[in-house]
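Two complexes come next, and they have one chain in common, chain A, joined by chain B in the first and chain C in the second.
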Partner chain A sequence: MNEVILDIQNLETNFVTKKGIVRAVDGVDLQVRRGETLGLVGESGCGKTVLGLSIMGLVDSPGRITGGKILFKGEDLVSKSSEEMRQLRGDRISMIFQDPTVTLNPVLRVSQQLEEVFRYHRGMKGKEARQKSLELLSLVGIPQPEERIDRYPFEFSGGMQQRVVIAIAVALNPELLLADEPTTALDVTVQAQIIKVLKDLKQQKDSAIILITHDMGVVAELCETVAVTYAGNIIEQGDLETILERPSHPYTVGLIQSIPKMEEHGKARLTAIPGTLADPTEIPPGCKFHPRCSRAEEVCKKTRPVLREVSPGHKVACHLD
Partner chain B sequence: MGGFVFRRVLYSLIVVLCVLFIVSLLVRIIPGDPVDVMMAGNPGMTEQDKEQIRQQLGLKDPVLVQFEKYIVGVVHGDLGSSLRFRTPNLGLISTRLPATLELTLFSMLIAVIIAVPLGIITALKQDSAVDYGGSVFALIGISTPNFLLGIILILVFAVEFKVFPASGQADPLYVAIGKAVTGQGLGSLGDSLRHLVLPSVALGMAVAAANVRMIRSSMLDVIRTDYIRFAKAKGLPGRVVFAKHAFRNALIPTVTVLGLQLGQLLGGTFVIETVFAWPGIGRLAVQAIFWRDYPLIQAVVLVTAIMFVTINLLVDIIYHWIDPRIRYD
Partner chain C sequence: MDSLQVTNSAGDSASAGVARPKKRASLSRDYFAELRGSKKGMTGALILAFMVLVAITAPVIAPHDASSQSVYAQYAPPLFAGGTMDHILGADNLGRDILSRTIYGTQISLSIAFIVIFIAVSVGAVLGAIAGYVGGIVDTVIMRIADFQLSFPFILLALVFMAILGPGYWSLVIALTVAIWANYARLVRGEALKIRELEFVQAAKAIGVSRARIIWGHILPNALPALIVLGTLDIAWVIITEAALSFLGLGIQPPTPSWGVMLNDARGYLYESAWMTIFPGIALFMTCIGVNLLGDWLRDTFDPKMAKL
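Let's look at the complex of A and B:
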């Protein structure tokens, strides 16, 4: 097995708001190995984006990392200076966002937005940067890059814009790529194309990828491992097969069941998990999931379960097995 | 782009034509007998003189004929003659126009020089003391009438502290710059600028204040956008994120209203030139109104309207250059 390149230990990121302190990331433990594609899944609002931004060092005020470590190849990113983080971003760690139609700057040509990555990280200019940019556009499947590179983002479709965003993110072969719901804002057919782009990239580059998504289908296509988040914690992590076939945490079980399954007569069945995500300013004592858990016992209401290894590579935070 | 410019020029010409039509009829909308009104206070005038003036103003012709004559005149550079000065209006206006342009453009310059940094700092330091200070400044700037501000400035800086002159214009700026460039010393330039400061500040303050608010709010919008977050995620240095990705986008809303604001300033010159005895067409217009010199009023209104239309045309073209999204619509 490859070495661990990202080791997050007990990470906490808070937002101080008028309503109280929002513990968006509340003690996350997560490991990612070189070349691994990890699916990070969980309901809306459980802190996936904030976790990604924390790794990038891009949490804006009123948010702040208040505890824990993010060890990237052994170096703690939390304690790095903002200039050190800037040099890392876009070079060794990249991030792409959900909606490609607002990710690119509307008044700058695609070429300008691509070439500046080479310029500010590698000091490349002019022809050299342009040549590299053209290669990248072909790599992500944009036909006739010479004709398109000098256009503006709004002249591209959403899917093509996401390809450009991906090209920018992988331009310098990052060791870690964070993809925050890269397909959610796109049409189904376009989604499939973007998944293909990511799949091809995985084969050509050996970046580790953290793929943030709601969509178990996307996870099944792309990921080797899965981490499930709930209310700012990782509550289960394991390889794809284990999570899909033998989920252990009651929340994961509910999540897997909520994937629409085709029955014999072709009808889709959806089992949603009853209840809603706890208000992040009022976190229940004990296990955060216990108010929604059908199997909750006394101990679940009092003590917070810790993430522990139940079998090799399979970790769960639950009192019940 | 070419097609767009052509279309905009065409629209502008149509607007100018409408203005011409309205201005040509201006004399007709004076209640009662226009010539009697204009000549009030001129008791020596005979009925014959009045008849001659009626002819001259075209009041005997049907509306459309009057309009046609007016257009033909304007196209040949004839804007009529002033009743008071008995000289062509065009000459009167063109000797005073540079002073007005100088004042208007200089106030716009001051407004922008104040508004751009203040708008950006108040946005970047949101909710700080600087931000609140900026808000107070903007509130006062927007709500103080320009003539009042002008009088206050005169009282404080001309009468009390005697740092700037209270009224009048020294050498026109272009003349003063010419002297400075050709090595005749900086004295003339300094004097011109000293005369410009108070009227420009009085005229431009409201625009500066409005722009501070606008730039602040668009800057706040821009720094929260995903494309700024992505620019940071690319690892660009902070100054590049700001100068290349945020600044231009934040200025777009302001540039769109710059034309309107130049118009607002041009309108403001009527009052400010009067307060500061500035020898421009605004003051000329106010005097023409007091003298009931209708042909002169007509000419000033026409020239002002054409400037207004031209400014808006230019701003539209600049706007299209800044924001490529509309360039292709």
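Let's look at the complex of A and C:
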């Protein structure tokens, strides 16, 4: 097993709103090892992105990290100054965003945006930065990079833009790469290409990747381990096979049943998880999932379950077995 | 050869765009082509280009020295009203050549306008971007200064500067700059508030770009179209205001041939020697029309949403 490079301990990120305090990340524990690709899955609004931004140190007011630790190779990111975090971002930790059409600055040439990374972190100039940028574009599969590098983002297709975004993110071989729904905004064929790019990158570099997504298909393609989030908590974690084949938390079970399956076309109706995600300002007592859980018992309404190891490497936060 | 496959599949979708073998046309060239297609924009641009050319070549094309007087030429009428070739547009009460003075007046008007707009846009844009992006107390301080500035009557402000610095070219530049920088600060602050919420700013932060670099490299370039439009339209305001202040004796001082000074000189001779008023007036009018036409076109081109306003 590789060393643990990211160790999140009891992390809490709150947003103060008029309706009350939103606990977007509510005591998350998570470990990522070098070279590992972890899928962070859950439905919209369950705190996946905020967790990502917390690691990056990019939670904006009114949000704030109110507790816990983010140990990156032993250093606590929460206690770092904003200047120290700035130097870390893009260099040792990087992030890919959801919609490439808005992630690139529309008025700057692609070359300027690529070279930015080398300039700010490595002090490279002119030709050197340009050479590196060209290499990057080839790496992410953009043909004829010399032709394209001086264009504006709007002259690229969505898939090409996402390749550029990925190129920028991996430019300096970050030890940790966060990908926040990198394929959601793209159409299916382009999704497959982008997944391919990420897969190739995984083989060439040994960055740890946290893939934030709600698409189980993408997770199955790319990840070795999976963490399932619900309302700001991690409720189940384990390796890919365990989570897909033998999920034990009722929410994970529901999540996997709600994926359409080819072999049952037309015969079986999709199973949806009843209800919606709890109002983040009115989190139910006990297990946060119990109002939607078909197997909820008396204990679920009173005590909040903690993440415990049920078999080696497989952790579940549920009172039931 | 996995990466090769990726390359091919991606190449199909975009290969149509790479057909042009040469270096692609720059954006500025695209805009120039569009300018040529617009009567309004082209007229404005031609007038302004003509004025700039006149200003630059003034010493060459002006037939006389701007302030050389001649007793013989006093009140000489222009060529079409029975004058001579020596003073094509006539001469004023001191026998100074109107054409030459109008030509040299172009230098004063345009140079003041460009200097004022350049300084005001630079200062206003940077302060506005800082206010909008940084926010908090910085925003409050900068914008309250701007509000104070905008609520202060302009003529009074000009008087104060003239009283302190003495009337003249540079005092006029300072007074006009102080009068309009706040417009740009407000404009860019609004843009910065909008732009800083966009994803690409977050993405720039995510690769460790510093605050100063984000303001300079990401916020300001995106605010540029709005700035260019407002800045161009304000050139006309600066030219008119410079003439007005000079007319009132608060700006350029005689005998320097500012259009405002010429109009003031002509005040007492409106009935007898109308040409003293007409020609600097036409020059002033044409320049402002040219600038406004160009500014209108820029607004239509850069921001179609604003066109209907």
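Following the convention adopted for this analysis, the second predicted complex is superposed on the first by the 314 of 321 C-alpha atoms of A that agree within 3 Å, B and C clash if a C-alpha of one lies under 4 Å from a C-alpha of the other, contacts with A are read in each partner's own complex, and residues count from 1 in each chain.
Criterion: contacts are C-beta pairs under 8 Å (C-beta built on N, C-alpha and C of every residue); 3 or more make two chains touch, one makes a residue touch a chain.
What you see is a predicted model; the values in this text were computed from it and never measured.
On the superposed chain A, the positions of chain B and chain C overlap enough to count as a clash. When the two complexes are overlaid on their common chain A, residue A:Cys287 makes contact with neither chain B nor chain C. When the two structures are aligned on the shared chain, A:Gln193 is found in touch with chain C, with no touch to chain B.
In the superposed model, A:Leu58 lies in contact with both chain B and chain C. Of the two partner chains, chain B is the only one touched by A:Phe154; chain C is not. After superposition on the shared chain, chain A has more residues touched by C, the comparison being chain B against chain C. Looking at the shared chain after the overlay, A:Met216 reaches neither chain B nor chain C. In the superposition on chain A, A:Thr103 makes contact with both chain B and chain C.
In the superposed model, A:Arg89 lies in contact with both chain B and chain C. With both structures placed on the common chain, the touch criterion links A:Gly141 to chain C but leaves chain B unconnected. After superposing the two complexes on chain A, the stretch of chain C that clashes with chain B is 37-45, out of 1-9, 37-45 or 73-81.
Looking at chain A, you'll find residues 56, 58, 86-91, 94-95, 97, 99, 102-108, 116-117, 120-121, 152, 155, 165, 168-169 touch chain B in one structure and chain C in the other. Of all residues in chain C, only 2-3, 5-11, 13-15, 17-18, 24, 27, 198-200, 202-210, 213, 217-218, 221-222, 224 touch chain A in the complex they form.
Chain A makes touch with chain B in their complex at residues 56, 58, 86-91, 94-95, 97, 99, 102-108, 116-117, 120-121, 152, 154-155, 165, 168-169.
Considering their complex, residues 56, 58, 86-91, 94-95, 97, 99, 102-108, 112, 116-117, 120-121, 139, 141-144, 147-148, 150-152, 155-157, 159-160, 163, 165, 168-169, 171, 193, 196-197, 200 of chain A touch chain C.
Against chain A, in their complex, chain B makes its touches with residues 225-227, 229-238, 240, 244-245, 248-249, 252, 322-325, 328.
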